Amino acid sequence: MNFLSDTTAPAHSALIDAIAAANAGYAPSYGADPVSARVKARLSEIFETDLEIMFTVSGTAANALALSALCPSDAMIVCHDEAHIHRDERGAPEFFTGGAKLLPLKGAQGKIPLDAFQAALNEWPSDFVHATPPAVLSLSQLNESGCAYTLDEVRALCETAKGAGLNVHMDGARFANALAHLDCAPADLTWRAGVDALCLGATKNGALAAETVILFPSVADRLPALLARQKRAGHMAPKMRFVAAQAEAWLEDGRWLDLARHANAMAAKLSDGLAALDGTELVSPVHGNEVFVRLSPELAGALKAAGAGFYDWPDGSARFVTSWCTTDDEVEAALDAARG
Amino acid sequence: MNFLSDTTAPAHSALIDAIAAANAGYAPSYGADPVSARVKARLSEIFETDLEIMFTVSGTAANALALSALCPSDAMIVCHDEAHIHRDERGAPEFFTGGAKLLPLKGAQGKIPLDAFQAALNEWPSDFVHATPPAVLSLSQLNESGCAYTLDEVRALCETAKGAGLNVHMDGARFANALAHLDCAPADLTWRAGVDALCLGATKNGALAAETVILFPSVADRLPALLARQKRAGHMAPKMRFVAAQAEAWLEDGRWLDLARHANAMAAKLSDGLAALDGTELVSPVHGNEVFVRLSPELAGALKAAGAGFYDWPDGSARFVTSWCTTDDEVEAALDAARG
Amino acid sequence: MNFLSDTTAPAHSALIDAIAAANAGYAPSYGADPVSARVKARLSEIFETDLEIMFTVSGTAANALALSALCPSDAMIVCHDEAHIHRDERGAPEFFTGGAKLLPLKGAQGKIPLDAFQAALNEWPSDFVHATPPAVLSLSQLNESGCAYTLDEVRALCETAKGAGLNVHMDGARFANALAHLDCAPADLTWRAGVDALCLGATKNGALAAETVILFPSVADRLPALLARQKRAGHMAPKMRFVAAQAEAWLEDGRWLDLARHANAMAAKLSDGLAALDGTELVSPVHGNEVFVRLSPELAGALKAAGAGFYDWPDGSARFVTSWCTTDDEVEAALDAARG
Amino acid sequence: MNFLSDTTAPAHSALIDAIAAANAGYAPSYGADPVSARVKARLSEIFETDLEIMFTVSGTAANALALSALCPSDAMIVCHDEAHIHRDERGAPEFFTGGAKLLPLKGAQGKIPLDAFQAALNEWPSDFVHATPPAVLSLSQLNESGCAYTLDEVRALCETAKGAGLNVHMDGARFANALAHLDCAPADLTWRAGVDALCLGATKNGALAAETVILFPSVADRLPALLARQKRAGHMAPKMRFVAAQAEAWLEDGRWLDLARHANAMAAKLSDGLAALDGTELVSPVHGNEVFVRLSPELAGALKAAGAGFYDWPDGSARFVTSWCTTDDEVEAALDAARG
């Protein structure tokens, strides 16, 4: 009954196997290997467009590198007040950009409200030398409240961003979970809506360590600068084939979405069960693999006593995270403990 | 006959197995897993002292993070003119330190001469507000000419560094190769000689991606700052157990030194064979797994025609790198082609 | 009738004279001149304590340098949402600190509410490696709404800051105006209340370009690091005597407070006059030389037509700034135009 | 007999007068004043081309800001090993560029030899992601050995730089002295030869604090970025008219060149006199206002005993600097002491 984080889960065995398979003989290093090339081609099919890619071994690195390729040192990234890039990355965006500013906006369900975004753009002009101009809008999909922006929401925010000359970055550490929930084309949720760069996370969904920064055509010309930054930041791993192999196996035959659907289903089952109990309240709708729920002290105590792992969240709720390997039995056991 | 780089080699199967074995159930993330703790304990035994460790997936990251924990933004790192940190890391030390300066010194066999180091210390005072003061001495062991500093050389350089208030960093991307050559205690080659921080590389010697920054007791109190920098730089991989598992298997039963001894032996055989031919000249003595040799154009052409992979080096020589998996047959085939 | 900004005002003639007087013969450069030493001694008397000083030619530089000496690169500065360091310095604190984060808090009258500050400290822990820890509290005195924190407010905020291990920075671009309003001892408003570093501005109050960073005893040991940063940032002007001479003349015989009292009096007269009119409303109480007032479009138009210079503020109000050289006639003329 | 540095000299009285004259009434701040506009127009005439300008109060700031507008964070600035930007600015270029690297080249008379520059370009490729690519060539004119590059030398270096895609920066802290020596058109020595940005120093030649960064047409489009950096670095002084007024008076009626010619003549007289003595040797030819000369210990002692101020230089020589206000009597007195 471990619902602490999807980062505590093991990797899917198919990815371990893929690593072993990639371990045959010599291969060009630093990303010039054939597996990396195949992943790029596969992602191009999945997203229905030409694109450029770059691997990292953490979502923090993926986000910070992507943001640094989109945002000048003396400009600003608009994000949600709960965004991982603001709260949980120890200032990585500030470090990688050379001192850019984050402008956190509040909004329900972890979403940046369109009017708050527009107000921020009005408040921070683009051409006043004394003030830091907004240059990037960063959206988390799935976001930090476990919610997915709808297609219309993404489109509207991107349109406003583009109208003001901003690029759009999407933190997709749990992109597969959001996509599984929305059940739409990956292209619709990203570049067709106006997203310039996507950080596509696999680590929380079956990989050992494999995050992919995707540059869509609007910013694909920034690849050389991005690779220079990757090298300079120590993220150009010498034997990149082992990261690429994970990505390839993860994408194979829709595995990434199957794993996400499973995690989402487990979260739905858990949240449905908890929500049906007296004295509980869901903080946000459950769109992916995260459940934020207020529990009575008794209920929380009973769960912990039964060995259920979850985090007390700063807002007073409890956070449960399911993963690709959460079992029906684990969820049942947790619900039994809660009901008991 | 691939002698291009030890980064093009596969990983040792024991490390792949270790990854698979580590993939059992849930484990704490971000380095709090039990495998990481075991590696720290094992390294403490090997180096005969308490120490602190931090993992990365590239030598560039290990070096830059370690240096940034030792060198203020407005100070200077003294290194060899051919040092990897100066030539091959795209300014990573400058980036991670926030703009520190590298002072490259020339010297034969890739070694910083003691008198050149002393002269540099005289030239760059520590207390003149207009000038950048030296704060760190960085030594590569094995160095970029494929040579190992002797114990006495390391001791003398460290003593001079300490006398001037500098910390000492050792880039040990090929530390195992140097240690195998010198056949001394790891402690003697590092902290007992005055080294404060060692970047212990496994990636070039059998790992997929596993570099360990070791802080010896003199600087162990910098661990919290180092971890903060690791996180901020996106190098605190969520599922760290998979890096730790590689390190554990690599150190197991002396495997790290066995692999290095093999690579060294292959390089010795190759260099002996090449040096015996007419029109060849070794640029530096061969202490580890790198051979720098001047070849006649005919000989170089014959080798390439036979399919031997090696790099033309900027100084006009040819660089051959052997690895843990270079076979006797490969070396024989190369020598046959050269002799033919 | 120029109420645009106190930076558009000329310098007081006594400071011009002091520059001319300092222009006699050779003098040591980079701050080693005797005038600089005299200013330090004089400030020590005025603030009733030992202290260290450093000059700059802009408030942005003074703030950013002081903050960078107090806040590590991976930590956070808590400030008001309207703070000059957040809104009007193009990310200078981020640049000088190497990527620290600003945490802006909202509050009436330009003041950080104690409870909001405490809540921020609770929200951002000091020891969680993933989150950016607060390291500095920055207070503007006079603040960006033209209001002065009371002695009790300063003390309470500093006490809370110190309790959480934070240093306290005071942006005193208009410190003289605040001091004149509060009519208390400079020591009481600063180090005795818990302020560690004060940026004492003269440029807006009679100088050509003379800002002084004062390090009180609690952080005086950071002077060498601060001077290194000053040099590195190009703010160690070679002929520093000309900055020091301004500071000396400004402090002479209480001139700094006399000039501030005059500016404050002019602002009081202007705000009293405007507030008495129909259709006007003061946004904040007037404690210094800034007046924020809502005007009807007609009234604003009449003032502009009469040649009164003032800024339309983002919140919809009008900002009038008086200075040491604002005349009674100018204020009368503006009020006449408004009444007309 | 003060030959310590031209930064210890006072300012020319005409510049003090200009400051007093500029102190009339209100003026737009941050560089929007009419004096600044006039200086730009005057420099455009002097340099026979359109250009953009920006003021700072130190040469370090001028150099670092200009370099940061020309050199990306992950690129490299080629300079002489004795360059002020490398030796005497506490890493300011590294700080302002966000971690760019300086590549110092050795050469006689403080000059970068063309072949050494070409070799450096060969050694550091522009398109290898692991290595830091050269982006800027920085020339000091007058250089740190007191010598001026000839027109042909400047042209050849610039041509090579341009051929490799580099921009050219000229550190002109003593540009007037070099120009007075070479007696050529300012345009010929700068943009017509291939210089993109000039830091034109007045502080060492009669000003209180007035350095002008000039962007020639080839890089004039970088002005907005440069101004943003100026603001962000705290170098956009609020009352910029007082810096501009100095520049205007300095340029008026050829005063800048008159003052430089006087300083040069004093240096020539001093060096001629010293060189004629037994046991002395000029280290470099004297092209401007700096004299580097080897003195016997007796002679050095006699000069110091007589009250002559000069610096013992790291290379064992003595450095004498004359300035716009060095008198014939001072030089005579020094020579008398040396002869005595």
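Here the chain labels run A, B, C and D in written order, and each chain numbers its own residues starting at 1.
We take it that contacts are C-beta pairs under 8 Å (C-beta built on N, C-alpha and C of every residue); 3 or more make two chains touch, one makes a residue touch a chain.
Quick caveat, the model's predicted, so the values are computed rather than measured.
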item: Chain located farthest away, centre of chain B as origin (C-alpha); value: C
item: Pair of chains joined by more contacts [C-beta pairs], A-D or A-B; value: A-B
item: Chain A-chain B separation of Cα centroids, rounded to whole Å; value: 34
item: Interchain centroid distance [CA atoms averaged], chain B/chain D, Å; value: 42
item: Euclidean distance of C-alpha centroids - chain A vs chain D, Å; value: 51
item: Multi-chain contact residues (two or more partners), chain D; value: 30, 73-74, 89-91, 95, 98-99, 129-130, 228, 231-232, 236
item: Residues of chain B defined as touching chain D within the complex; value: 73-74, 76, 87-91, 94-95, 97-102, 123, 129-132, 314
item: Residue ranges of chain D touching chain A (in the complex, touch as defined); value: 30, 73-74, 98-99, 129-130, 224, 227-229, 231-232, 236
item: Contact set on chain A toward chain B in their complex; value: 2, 4-5, 7-11, 13, 16, 19-20, 23-30, 56-65, 89-92, 95-96, 203-204, 208-209, 228, 231-239, 242-243, 309
